[in-house]
Structure formats: structure tokens, C-alpha cells
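Following this line, the structures themselves.
You will see two complexes here that share chain A, one where it goes with chain B and one where it goes with chain C.
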Partner chain A sequence: MTLTGWEAAFFWVFAIAALVAALLTILARNAVHSALFLISTLVAVAALFVLLGAEFIAGVQILVYVGGVMVLFLFVIMLVNVGAEERGNEMLFNRPAQVATSAVFLVLLSLGFIYAIRQGYEGLLARDNLITQEQRAEAANRRHARQQDLRPTATGTSRLSQDTQLVGASLYRFAALPFEIASVLLLVAIIGSVMLARTSKQEAATDDLELKDEG
Partner chain B sequence: MNNFISSTLALVWQEAPVGRWQTIKVGVLEPDLSKFLVIAALLFVIGVAGVLTRRNIIVIFMSIELILNAANLNFIAFARYLQDTGNLNAVAGQVFTIFIIVVAAAEAAIGLGLVIALYRNKETIFVDKIDLLKW
Partner chain C sequence: MDMLALFAPPELINGLLLKLRLGQETINYVVWPFIQIGAVVTGVAVWAAYATYLERKISAFMQARLGPMRVGPWGLLQPIADAIKLLTKEDLKPDRADTYIFFFAPFISVVAAFVVFVVIPFAPDWGVITDINIGLLFVLSVSSVGVLALILAGWSSNSKYALLGGLRSSAQMVSYEVAMGMALIGALMFARTLSLSGIVSAQGLDSIWYIFYQPLGFIIFLISGIAENNRAPFDLPEAESELVAGFHTEYSGMRWSLFFMAEYAAMIVVSAIATSVFLGGWYFPGAWRLGINYPHLFVAVSLLVFLTKMAALLYVYFWLRWTFPRYRYDQLMDLGWKWMIPAALLNITLTAIAVFTVQALDGWRGMNTVESIARGVNLTGTGKLIMIAFGALGVFVAAGMLSYINHGARDFNLKKQRVGIRLVSPPKGQTAVASAATAAVAAE
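Our next item is the complex of A and B:
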């Protein structure tokens, strides 16, 4: 699997954008800025999904994460005021010793990851007979040839992807039970967040109790 | 251990038969699966850094979203790799990603409900001030 030409250029643009925005997410002083940088990261990762041929997942990522989860985050940031951190009265990070320990751990973690990816990728290529350039080109051509069979769009400039159709078919054919469990999970999440976020006055009202001292 | 050090150093100083610059040039002009894996690993590490170092619980939740997204990127990259090498209809990775997004949405809803309840009771969102269970 190799990206070539403009795809490679866009890969580097979006990969670097995602990493820089992710770094700024955890470094920003204002929580609202963090949320906006996280939205940038999510959009850049969605663009990487498009480059990988997963158009449906990219759309879901934009709709669910950026349209739903991040709006929820922004609402919660609005509800809890975080003024002290913005004004510089509060420390942004944990104590220096904790930060230093985390840094050492994370450097070791990333070195371990790079080592594992390097070793594993070589093994993967050997397993799938993709050592030489010709074998890789042949594998890429199969996908390319299949894309030439897809129906053209009305404008005739591009072709209609079958990604959504394939994902939907697999979802219902092979993952019907997890799909149903996911719907139950979402129901639990709805009820749970309503229960957690209600005030003590609302709790007393629904439980038919008298309020004693607060409310 | 020796193998670990030499392989990690080899990333910086590659002694491939075709030459170091040629290898780097091919790697930049034709990014493959391993580049996606490295990007996802770095996103994961940045997310873990946020969880371990920040005090603001909302930013910690955002870092968890970063970690989940790194996993999604891995799944999608491997799905594409399988489409190129084996079955042309391999979309299992994309189906998994949908479930991860569902779980992430549920986690965010519950977590932010917790943050609101916590803020109402303790008047703080800094994790080192929330030490009721600390002995």
C-alpha cells in the first residue's frame, strides 16, 4: 500500500497538521482553544481517512466527533468556568517531577513503538510477498483497476465510491449483535448522563423528597 | 536489548543497500502503511502526554479522544492495507472504527456529566484537588 503523487503530498500536509494541532491541544492555556485545536486534529485525521479510501468513516468522524462530541465539550467548558487557569493564577501542568517522569516514560514509549512498527512492518511485507517494488506496484494496480470499474458521477470527472455500501453490508451481515449492543450502550449513556448532571433540586423533585438544607 | 538499540539507531542512520538518501526519498514521496502507523503512534503518545501531565479534567478528556482517534487511524490504515494485498472488499477495520466512535461518544457524554456533577460539589475541575479517595 503506497500513496503516490498528490495523495502523498496531501498525506504529509494532513499528518503534520494533525500532529501540530494535537500538540497545541495539550499545550493551550485556554480550554476553549484546546477544544478548537482538537477539532482541527479530528478534521485532519478525517482527511487521512479519505486518503485511505474510507469516505464513510471520514463523514461519520466529522458528524459525530466535530458535530456532536466537541459541541458537548464546548457546552461543558461554558458551564464550568475556567477563568483562573486562563488568567495564569493556576498551574497548567502537574508538578515538575511528575511531568519529567511522564516525559521519560513517553520518550521510551515512542522509541518502543517505532522499533515495533519497524520490525513488524518488515515482517508483514515478507509475509505478503511485497518485498520488491514490482510486487507493490502490482498490488496497487489491482485496487486501481477495480476503481476503474466503478460507476462515474454525473459530472464525469470522478467515480462513485462503494465504500459506504460495503461498510453497511458488513455491519449488518457480520456485526449485527455488536450493533444492537452499541444501541443499548448509547441508551445507558443517555440515561447515565442525565442522572449525573441533574441538580439536587431536580433529584428531590423526581424522588418526591423534601429538601433539607440545600437546593 | 542490543537489537533494540541498534534498530532504533538504524532509523536515524540507515545503512540500506540502495543508499540512505534514496530510502528517505522513497519514504517521503511514497508514504506506505508504516508512515500511517508512525503518525498514529505519535498521536497516541501526545494523547498519553496530555492525560499524564494536564491538571484540567476537560483537557484530559480531550486527550482520551486523541488516543481513541489514533486507534481509529490504525484500523483504517490496516483495512486499506488488506484491501491492497488480499481481499478487495476487506472493510472489517472500518466496521470496528464505527464501534470505537460509538464508545467514544458514550464515554464523552458520561464523562462530561461526571465533570458537571463534580464541579457542582467540589467547585473545581483540577484533578489534583479532587482527592477525596486519596489515603
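Our next item is the complex of A and C:
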């Protein structure tokens, strides 16, 4: 379970980058800078997904969040006037009560976090029977053997992972109904946003249908 | 055989590196990728520079001119002269621009355009830097990051033209990304993998180009790709007549040329993806036989084949640019959302039906359509004929469906636009009077 070699180095680099960028997201005064730091966090988290062997999730994370959601974020930030927060007023969020509340919340959150991580780690060890050193070595061997069964890449130096196929198969085999429900939900959201955004004037003027001429 | 040794660069370099006391592991995983990356970056940069030269030459020939002729023979050294000019120009920053983002945006653009080349299969074996299972997804996701650079450049310039260009580009690229991704799904149903090398070798095993199975998908991908690259006729983000130069109005010197290089690199990326997904990539008839006898010559020839196909697609880019006028902004959006995306969805449905039909027909009344589906769909002659017929049918079905959906649309119908813009259609011999309905709309 412990990281070694280059894997560990990359993990620490990306983990620290994600944390620092996340901090800067809330510390930056300019909303566009905040959005940029959020993008950096998302990219670093995508890199952590790659380290976990979940390449598909990493690719989707970049495609959906960085390429889609964050572009729309920036779009909105640029269209809406956010000058007021930029122009100072340092005392706005620094009253004693606010500071105390956030400190208490931070302590509670970190306690819960540490508890959850400990529980999760022990649960993983128990599930995979990785109590003794030999069992861990055996699990590593099994993983290595599974890796060797995969098809080699075009360059011939490594193996092609199968996680995309696994995601697709489990999505359509075990989660087909939730998937369809989510798609209906998105459709409702799309239609709703169009209905909200469209005024009756636009209905008449920019509708594709030609206006009826009675004259 | 000495001549053929020239086509064995990996062994030569490997031998040299082993002499430098590097382990084979280090060479495989560290040194060799760096050599390939260096080769690709240099190659793409040079290609981008000479693409500008070709573009100027081709446009000149199309307009019965000579194009650049002064620097070097036939103006061949023109791109180098341009590069020196741009490098030595002053790097200006507008007053009250957001300094960091203004300086940073061109780099995002270049990185997003260049990183994609990591997974592009230029050739088999050592002709590809890396082969990952999410190849195509990686390409789509990284190139979608490129839009950030355009928005940020537009916003940080503190100029209204640049901001409008940035907003236009983001709307345009986000809408065409959808159609572009969906146009590829049909081809993925045949290849059964997202790895680009895997897609190419699936076409090689089936000995067919997917453009024959997927003509509709190819057309949609090409149009959305051109729109995604902000090239004419979809170059609204930098429409000279309206926005000066769009998002890069305030950029000068080296930073401007980075945007320029990224644009050409992105063009090369789209052509390379279209080549490997629809035009068979490096595959050519008789490839396997050559591969067994002369492995390195095989790679070199494959590389040449790939580059030729890519160059042909790049020519299409230049051709279209000097043939069509720029679209209006509402036409661009309508083309994306009402033509490309429905057509892409239809293509997915039709392809699924076709794949199902061909598999169902296998073994029906002694018909033999499917050879194997282990590594991509591998069809027999009959199966291929059925699939090609389905593909050709798809074009007509899509044309019918699109003309039905957009039956009353005014986007590309100039007569209806005229009527709509004037809001009147006067009867013959009478003066134009606004009707009650249109007057009510106008008053609202």
C-alpha cells in the first residue's frame, strides 16, 4: 500500500500542488485568478487519478471540468461585474465571530477527515486480507500477474490498461437505470434553462419559424 | 543491406546510449521518450512554420499571384525570416492588463496544442511516443483546454475587441467540441478501443479505412474540426472586419507567434486524428508483408504514408479558407447545434443499427459476414459491402433528416432571411406595410 520510487515522488508533487492551488483558489482576490487556481487543482487531481490507474476518470475530469465547466465559469465571471470584491474592503470577512466559526469548523472537519481515513485504510487492509507482510507481497504478485495478462502497447514497453472497458461494461451492465435517470435529469435541466432564458420577444423574433404575414 | 541500416535509427541510438553506461530501463522509459518528444516538437514547429508558407503560396496560386518569392529560392526561407522578425519585435503589454494571465495565456495555448502529439500514432513501433488506453479521450480533453487560453488572452488584454473575440471563441469551441466528440463514436464502435494505435491497427487488420464505413462521421468531424480550430470559414473569434484581430489583438512579437504556432499545431492535430481514425493512419496495402521483412523500413514508409495523408487534409484546410466567405455568428451557432449535433447523434444510432444488423446476418441463410470481433470488428467481403452500403445510406438519411428539422429555418436561406429582416413581404404592385403581427413584435 505504501508508495515507493517515482510513484511516491509524483504523488507528493501532485498532492501538494493540488492543496496549494486549492488554498490559493480561496485566497485569490480576483475571481478569474480563483478560477485559474481551481483549474490547476483539477488538473493535479486528474494526475493523481492517473497514478491510481484510473486513466479514464482522469481524462473525463479534464474534458468535463477543465474543458467544459471551468470554461463556462470563466465565461460567467467575465460577463458579470465582480469588481466590488477586488477593490479591497479587507475587513469584510475578518470579524472575530467569523474567524472563530471557521476555526471551529476547520477542527471538526479535520477530526472527521482523520477518522474517515483511518477507518478506510483499516477496512481496505481487512478486505484484502493484507494483515501480514507475506499476504501483502502475494497481493502485489497477483496485481503484477494481472498486469502481465494485458495487451502490450504499440511501443512495446508497457501494457495497455483495461479500465475504459471496465467502466463501460459496469456502467451498462450494473448501472444502466441510474445512468438513464441521470440523462433524463440533464434533459430536464437543459429544457428548463432554455425556458428560463427565453423571453417572449425572442420567441417571436429569433424563432426559426417564419413570422406569419397576414397583409 | 547497408542502405537499409540507415532505416534502423533505434538500434543505432540505443547502442550509443548503452555505451554511455545508461541502463536499458532508463533508455526505454526516460531517454527514448525525450528523443521522440524533441523530434516531434521540432518537427511540428517546423511544419507549422512551413504551413504558413504553404498557405501563402496556395492562396497566391488560387488568386493567380506568385506569393512570397524574395527570400531564398521561391521564397522558401520566408518562414525563417518571419520567425526572426517576430523574435526581435518588442513584446508589448497593454496598460492595465492583467500581467500574469496576459503573459501566461500563450503558453497554455501552445502546451495544449503540443501535448496531444504524445499519443498520435505517426507510425508503428518507434513511430509513436506512447500508447495509452484513453488515447482519443486524452486528445479531446487536452485540446479542449486550449479554449481556456483564448478566453484568458481575450479577458486579460483589457480591450473590448479581445474580450469579444475571447467570448466568441469559447462559445464556438464549446459547442463544436460536442459534435466533434460524437462524430468519433461511430468509428470507435468498429475499433472497440480508445487507443489511437489500436484504432489504426484495427483498420489494418480489417484492411479498410473507416471513412468507407463512416462517411457521415468523417464529414461531421472535418467540419467541427475546422470550427474547433477557429479557421475560416469559422474564424469568428478573429474576424478582421469586426474585431480587428479578435482575442490576440493586443499581443505582439513572440507571444503573438506562440498563438499562431498553436493554431497551426491544432490544425495538424485535427488532421492527424482524422487520418488515424478515418483514413487508416499509417496503414497501407501490403504493410504487413513489408513489416515482417524490413521492420525499420516499414516504420519509415508508414511514417511517410501518414504524413502524406495528413498533408492532404491540411490542404483541404487551406482550400476551404480561400473558397468560402466567413459565416455570420448566428449561422455558425445554428450550424453547430442544429446541423452538426443532430447529424452526429443520427450517425451513432445508424452505426449501432448497422453493427447489430451485420452481426445478426452472420450465419443467416449461409451468409458469412463477421470474421472476428476480438480486436476490432473484422468483417468479410460481404460484411464490408453491407457496412459500406449502410454508411452511404447514412449520408442520405442525415441529409433528409437535417432538411426536415431545418425546414423553416432562416439560417442559410437567403430569400427567407430577406423577408425576415424586412419583416414584410409586400404583395406585387403595392407599397410595403408592416403587418399587424410583425408590428406587434417590433413594438414589444
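Assume the second predicted complex is superposed on the first by the 174 of 215 C-alpha atoms of A that agree within 3 Å, B and C clash if a C-alpha of one lies under 4 Å from a C-alpha of the other, contacts with A are read in each partner's own complex, and residues count from 1 in each chain.
Rule of thumb we're sticking to: a residue touches a chain if its C-beta (ideal position, glycine included) is under 8 Å from a C-beta of that chain, and two chains touch if they have at least 3 such contacts.
As the structure is a computational prediction, the values presented were derived from the model and not from experiment.
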{"item": "Partner chain in contact with A:8 - chain B first, chain C second, else both or neither", "value": "first"}
{"item": "Dominant contact partner of chain A by residue count, chain C or chain B", "value": "B"}
{"item": "Partner chain in contact with A:197 - chain B first, chain C second, else both or neither", "value": "first"}
{"item": "Partner chain in contact with A:60 - chain B first, chain C second, else both or neither", "value": "both"}
{"item": "Which of chain B and chain C A:36 touches, first, second, both or neither", "value": "second"}
{"item": "First, second, both or neither for A:72, with chain B first and chain C second", "value": "both"}
{"item": "Touching partner for A:160 - first (chain B), second (chain C), both, neither", "value": "second"}
{"item": "On chain A, positions contacted by chain B and by chain C", "value": "56, 60, 68, 72, 79, 163"}
{"item": "Chain A partner contacts - residues on chain B that touch it in the complex", "value": "4, 7-8, 10-11, 28-39, 41-50, 52-56, 58-59, 61-63, 65-66, 69, 72-73, 76-77, 79-81, 83-86, 88-89, 91-92, 94-95, 97-99, 101-110, 112-117, 119-120, 125-126, 128"}
{"item": "Of all residues in chain A, those that touch chain C in their complex", "value": "30, 32-33, 36, 39, 55-56, 58-60, 62-63, 66-68, 70-72, 74-75, 78-79, 153-157, 160-164, 200-201, 204-205, 208-215"}
{"item": "Contacting residues of chain C [partner chain A, same complex]", "value": "28-29, 98, 100-101, 121, 124-126, 128-134, 137-138, 140-142, 144-145, 147-148, 151-152, 155-156, 163, 166-167, 170-171, 173-174, 177, 193-195, 197-198, 201, 406, 408-411, 416, 419-420, 423-427, 433-438, 441, 444"}
{"item": "Parts of chain A lying in touch with chain B, wherever the complex brings them together", "value": "1-4, 8, 11-12, 15, 18-19, 22-23, 25-26, 31, 34-35, 38, 41-42, 45, 48-49, 52-54, 56-57, 60-61, 64-65, 68-69, 72-73, 76-77, 79-80, 82, 85, 90-94, 98-99, 102-103, 105-106, 109-111, 113-115, 117-119, 121, 124, 128, 130, 136, 139-140, 142-143, 146, 163, 166-167, 170-171, 174-175, 178, 182, 185-186, 188-190, 192-197, 199"}
